[in-house]
Structure formats: C-alpha cells, structure tokens
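Please read through the structure below; I'll follow up with questions.
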Amino acid sequence: MVDVSAKPVTAREARAEGYVRCSRAVLDLVAEGGLPKGDALAVARIAGLQAAKRTPDLIPLAHPVAVHAVEVDVVPVEDGVRITAAVRTADRTGIEMEALTCVVVAGLTFVDMVKAVDRRTVLDGVRVTAKSGGRSGDWSVDE
Amino acid sequence: MVDVSAKPVTAREARAEGYVRCSRAVLDLVAEGGLPKGDALAVARIAGLQAAKRTPDLIPLAHPVAVHAVEVDVVPVEDGVRITAAVRTADRTGIEMEALTCVVVAGLTFVDMVKAVDRRTVLDGVRVTAKSGGRSGDWSVDE
Amino acid sequence: MVDVSAKPVTAREARAEGYVRCSRAVLDLVAEGGLPKGDALAVARIAGLQAAKRTPDLIPLAHPVAVHAVEVDVVPVEDGVRITAAVRTADRTGIEMEALTCVVVAGLTFVDMVKAVDRRTVLDGVRVTAKSGGRSGDWSVDE
Amino acid sequence: MVDVSAKPVTAREARAEGYVRCSRAVLDLVAEGGLPKGDALAVARIAGLQAAKRTPDLIPLAHPVAVHAVEVDVVPVEDGVRITAAVRTADRTGIEMEALTCVVVAGLTFVDMVKAVDRRTVLDGVRVTAKSGGRSGDWSVDE
Amino acid sequence: MVDVSAKPVTAREARAEGYVRCSRAVLDLVAEGGLPKGDALAVARIAGLQAAKRTPDLIPLAHPVAVHAVEVDVVPVEDGVRITAAVRTADRTGIEMEALTCVVVAGLTFVDMVKAVDRRTVLDGVRVTAKSGGRSGDWSVDE
Amino acid sequence: MVDVSAKPVTAREARAEGYVRCSRAVLDLVAEGGLPKGDALAVARIAGLQAAKRTPDLIPLAHPVAVHAVEVDVVPVEDGVRITAAVRTADRTGIEMEALTCVVVAGLTFVDMVKAVDRRTVLDGVRVTAKSGGRSGDWSVDE
C-alpha cells in the first residue's frame, strides 16, 4: 500500500460510468414498475451509494478514504441502463476506486433485481470518466 | 426478499466471466512482474475470492448463501485480462450473484493495481456463463 | 453463546414493529416526495432489509442465521411512520433479533433522511409481535 | 449524500438516549448477576460502542465519520434500563446518527441478553438529546 | 477454496488457546479493577466471541461456517492471561480457524486495554488444542 | 473510548512482528510452491494488509484510524515464518493495534494455508517492536 500520509488533504472528485445491457422486456417492466422484486433503479442506486463506502474492504490495496459525497444515477437507455457515479472527498488520495465500486455494485444490484426476467444481462463499459484534484491534476476520458 | 426457506438444500454451481481491457504496457509489466504495486493477478484472485463471501452485504436482496467453493482465475488475453469464477454451494438458492461479485471485485482490484500505469482500463462483458442445480435447472449462455 | 448445534433445522418466523414519531411537516414532505435527501420510505426499507442480514455482526451473542426472507414496511401513520418486519428462516435458532434489527435500522434511516427537517424525532415501541417455529412454539404479543 | 467536503473540520458532540422496558424479574436477575447469558449491562455497553463505529455501514446516506470518543451507559431504572450515549469527533459533519446507533444496538443487545426471561421487552424513547459544534450550532432537546 | 459442498453436515468442535504475557502491574490492576480503559477480561471475551463469527471475512480461504456455540475465557495466570476458546458447529467443514480467530482477537483486545500501562505485552502460544467431528476424526494436541 | 478529538493530526508509525512455528515439511512445500491451497506467503500478506484496515471492527475500544500505508512481510525462517508489519498514518491516535492486527491475521492465514499439512502450528511472539510520532514519542522494543 503506497504511503500517502505525507500528502496534503485536498478536494478530489472522481466520476465513473457503466452499463447493464438487458432485454426490452426488462426495460418495459422497469418503466411500468412491474418487476417482481421491486424498484430496480432505486435499489441499485442505494446499493451503489453504500458500496462506495465499503471500497477499502473490497479492494486490498485501496486506502480508506473519507467519502464526503456520492451521487449515483441509474437511467434507462436504449439497450439497458446507464450507471453514473460522482464521488467527492477532501483527503490525501484519490477516489476513483470508490466511484468504480459504486458503479459495479449498482450494476450488479440491477442484475439481481431483474435476473428472474432476464438471465442474459451483461455489465459493460465500467470505467473512470473524469477525476480532479490531487497531484496528478484534472483528467477526463475525452482528452 | 423472496422466501426460500421452504426450498430444498441442493448442490448448485454458477460460473461467470468478465474482462478488464488494458494497455499493452500493463500486460508487459504483468508478464515481467514489474508493476509498482505488486502481483496484480494474485491480488485480484484473492480479492475476488473474498468478495464472493461478501455478496449479501453488497447486494440488498441477495440471500446469505453458504459459499462452499470458489475458483477464480485472472488470465492475460490479447487486450487485457479475462476473469472467470466458479462458485458452488449446497443451499436453498442460487449463487449467480456470488460468481458475478467475485468477477467484478477481481476486475476492479486489477484496475487498482495497474491504474498508475493505465488510467483508461475498462471492465467489460461481466455475465453469468452457466448455472446448474436448483429448480430452474441447468443453463449455459451458449444455449 | 448458547450451543444450538444439536437443535433441528425448522422453519421459523419472527415479526417485529416500531414507530418513528415525527412532525406533521415531515409527513407532508414524505407525502409530496419533497424531502431534500430523497425517498425516506424506500431508503428506510432497503436499509432495514440489509441490516437484518448484519444482525450477528451487531449483537454479540446472536448466532449467525440463514435469513431466507425479509419483508419490511415503513408506512405513514398519524404521528409518524410505523415500521413492520417479518423475517423467516429454516435454521436451528430463532430470528427475533433479525426482525428487531431490521426495524431499528429502518427507523434510524428514516430519522437520518428527515433530520434536516425535524431534529425531534423519536424511535418508539420497538418490540417482537409474533414468532412461530422452534421448540418454544408459536407466540404472539396479543396472547 | 450531501457533499460535506468543503465544510471545515470542527469538534462536534452528539448525545442520545433510549429505554428498554422490561419485567421486574429481569431487573432482579440483572441486579443479582443471575442472567443465564451473562452480564447484560456490560455486553450491551460494548455492543453499543462498537456499533457507533459501524454507523455508515448501516445508514445508507450517513457519511463516514472519524469517531473520536464514545461513552455509553446502560443503567437500571424503575421499569427497565436507560441507555445514554455521547459521541465526539473532529470532522466535517455531525454524529447524531452515531449516537443513535450506539443507543439502539446497546438496547437490542440488552433485549437479546434477557429475552429468554422476558419476551415482552420494548425499546422506547430513542432520540437525540443534545448536539454541539458544526454550522447549525448547539442544541438541546430541552430548549 | 476447497469444495466442501458434498461433505455431510456433522457436529464439530475445535478448541484453541493462547497467552498474553504482561507485567505484574497489569495483573494487579486487572485484579483491582483499576485499569483506565475498564474491565479488560470482559471486553476481551466479548471481542473474541464476535471475532469468531467474522473469521471468513478475515481469512481468505476460510469457508463461511454456521457458528453454533462459542465459549471463551480469559483468565489471569502467573505471567499474563491465558485465553481459551471452544467453538462448535453442525456444518460441512471444520472450525479450527474460528477458534484461533477468537483467541487472537481476545488476546489483542486485552493488549489494547492494557497498553497504556504495559507496552511490552506479547501474544504467545496460539494453537489449536483439540478438534472433534468431521472426516479427519478426533484429535488433541497431547496425542 | 478515550477522547482523541482534541489531539493534533501527526505522522505516526508502528511496527510489529510475530512468528508462526511450523514443521520442516511445511517450509519445504512453501519453498517448492507445493502447498495444496496455493501460495501461503502471498495470501498471508494480502490478508494481513486487509486486516489492518479492519482493526476498529475487531478491537472494541480501538479508534477508527486512517491507514495511510501498510507494509507486511512473511518470510521463512529456521523453524517457521517471521511476519513483520509497518503501518503509517497521519491521524490523532496511534496505530499499534493496526500493526498487531496485521501480524496476527497474516499469521492465522498462513496457519490456514498449511493446516492440512501441519496441524501443530503455533503463532508466537506477537508484539509491537517500535512506534514513532504522537505525544508519547518514539519508542523501540530494544530500548
């Protein structure tokens, strides 16, 4: 684990995204509120938010970071749902892993909520899209 | 949470897979054992294994399941690494979510181990590939 | 910790309830969907459900129990919300503590969601209302 | 989750209380040290203390807070036990939820320790009694 | 992780022990109830009991096991305290690791409770002393 | 729990060590990479690293500390393996307990990895060897 104790406390943000590809039938049930296990979008959001706080429990070399804000959205798109997360902290190291953990756990929770209807879902395209703050400076995937 | 208390205890298995797409530079460092944070493949495997046991902590409507076996591999492929997990139990409900959780946490751990070298990694193609046991019978993604 | 290894696996259920007393202003905002932190009823339900699975982590002498079903409701009543939980298992010991843990964490989550609007909420009347299965037989608080 | 990254680190305290109503028989056994499961007051105190540290794992929108001090008491009163908690931190957001979580888990642990003797216990009157520090200033329930 | 799903559920027990070597001053304070942080023996026992249930979270290749009974003692001896644990289950694999985890966490908790008085404590002699049940049969360290 | 909220944030380090005594047969298998459960040294290191972050979950009166660096080694010696840990933070209280927790969990993980070959392993000599930073100043076991 890299030593970050001498790094300054600075404001940092990381953004990540991902997709769950699923069937039309799932998206229709989501739109109608007809899924047997309940509101998949809401449960996925909350699960993602909570998972962001569990990141150092899951990723062996991740530092504990004081998660100061999490925004997570799970929004239907043409062939599934798009998950986006923005995580902020004032701490000594970055929080990309928190943003990614938020996205994958929100994604898997969506998969769990719909798997009785569609067992062929795929979690795809999970990546960091932007980060700011810290020594390495601002960065966005579009650069 | 679906009531599974009246379902019989049966042997069940689930298999899942996923990919982390990364740069040639990362794969070369993995091959040489030259990554600054250490052996990314080994750390990813162990993190995935442990995460399989944490699934009901992460996925709100997932039942606690007695995880009786986990096999996880993280293997370099042309444009990244392929992660595969096989999870087995003798319990009252399926363990697809355990297999998927194993894959995504192994994948994110790999991302964490290499992110100082490549910040454009993508976790892709995470899906259940096969399951056996339980009321819904055997199934494979190739059917 | 009482030794339950020689007890038979039987179907068991426990029900519990509790109340969060809060202001009219809170209940109006809940009804309108106008709380700044989001849907307090939905977040409370999910938090309660997840907490039921964490019971042995929280209550030192509680046995790990295979939680096979959780139903939790958080429903507005005249002076607050009523929380009810029903938890089921097929295991060697009772799950009253799981039902109670579900109720208190759902209750505190509701408190957290509304505390910017009402800092005088009170969690009240948390108790087991019924249990069935196991050696001690069926029981209800109305007996 | 509200963004607190730009708030200053300040000393903060929260106090909370609650009651477990129980039978005379339980209180006599507590006084005599005759409960079959052991010292209910001591176990409840320790469980409450540990739970304060687990608050962000339990309450979805609670921020991780550096818990710098916890005092918890579980004291017999006329019709049960009174639980009080005082929690302190130097951090960017309040710790009322930590104080409340401490009280409810101490309370449920007491319930668990005595439930073989009294299955009609009730956890009651759980509320924040005072807070100090932070932007919203000092406050006490008696105001 | 070794596959245990096909093994039968049988009653199993494991016993373990360990020592914390500490100064005479510590033992005198323990005897008088004069330690600044409180009752070190009681807190160590409860911490050990809870840790037994967390074993699969800590030991990567340990299977989740249904912990059905834990007995833990922390008893002053000539040059420190002796910790003993007995853990029982009816499950598909052994629980030696649960007994050992109970002993080491009880031991470290004792160390934590007394470290302001004695910073030279040593945790020593942690080992399994007996096991029974399961395919490999009964065994004791004295054989 | 001692109140540390008014203490300054300072750089702190703690070092700890311990031993697992095991048979020649185990050491030979470790050297050859022939253990049935895999690379015991690598798994033990990762488990120790992760456990350092879990310390306040395990030790009731331990404060949550921002673990900023962990180094852990598990090295074969004549009659077993020697485990060393160095943990660093910039926080308000010491991290000796994190260093000790790292050592014992690395040690028990090694025990778990080799117990099919040697059931008579002993975890021994676990102690803090040095600390620096904080009010009580620098200290080493050799003084």
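All chains are identified by letter, namely A, B, C, D, E and F, in their written order; residue positions are counted from 1 within each chain.
Everything below uses one rule, namely that a residue touches a chain if its C-beta (ideal position, glycine included) is under 8 Å from a C-beta of that chain, and two chains touch if they have at least 3 such contacts.
This is a predicted model, so every value here is computed, not measured.
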Checklist entry - Which other chains touch subunit C while also touching subunit D? => result A, E
Item to check | subunit A and subunit D, separation of their C-alpha mean positions in angstrom | outcome: 32
Checklist outcome for this item: Whole-Å distance, C-alpha centre of subunit B to that of subunit F, is 28
Next on the checklist: Two-or-more-chain contact residues of subunit F, please, as numbers and ranges.
Outcome noted: 2, 43, 46-47, 50, 54, 57, 60-61, 66
Checklist entry - If you go through all the chains, which pairs of them touch? => result A-B, A-C, A-D, A-F, B-C, B-E, B-F, C-D, C-E, D-E, D-F, E-F
Next on the checklist: Taking the touch rule as given, give the residues of subunit B at its contact with subunit F in the complex, in rising order.
Outcome noted: 39, 42-43, 46-47, 50
Item to check | In the complex with subunit F, residue positions of subunit D that touch it | outcome: 11, 46, 49-50, 53-54, 66-71, 88-90
Next on the checklist: Quick check on the complex: what are the subunit D residues that touch subunit A?
Outcome noted: 1-6, 56-57, 60-61, 63-64, 66, 91-92
Checklist entry - For the complex, which residues does subunit E have touching subunit F? => result 2, 18, 37-38, 43, 46-47, 50-51, 54, 57-62, 96-97, 100-101, 104-105, 107-109, 111-113, 115, 119-128, 139, 141
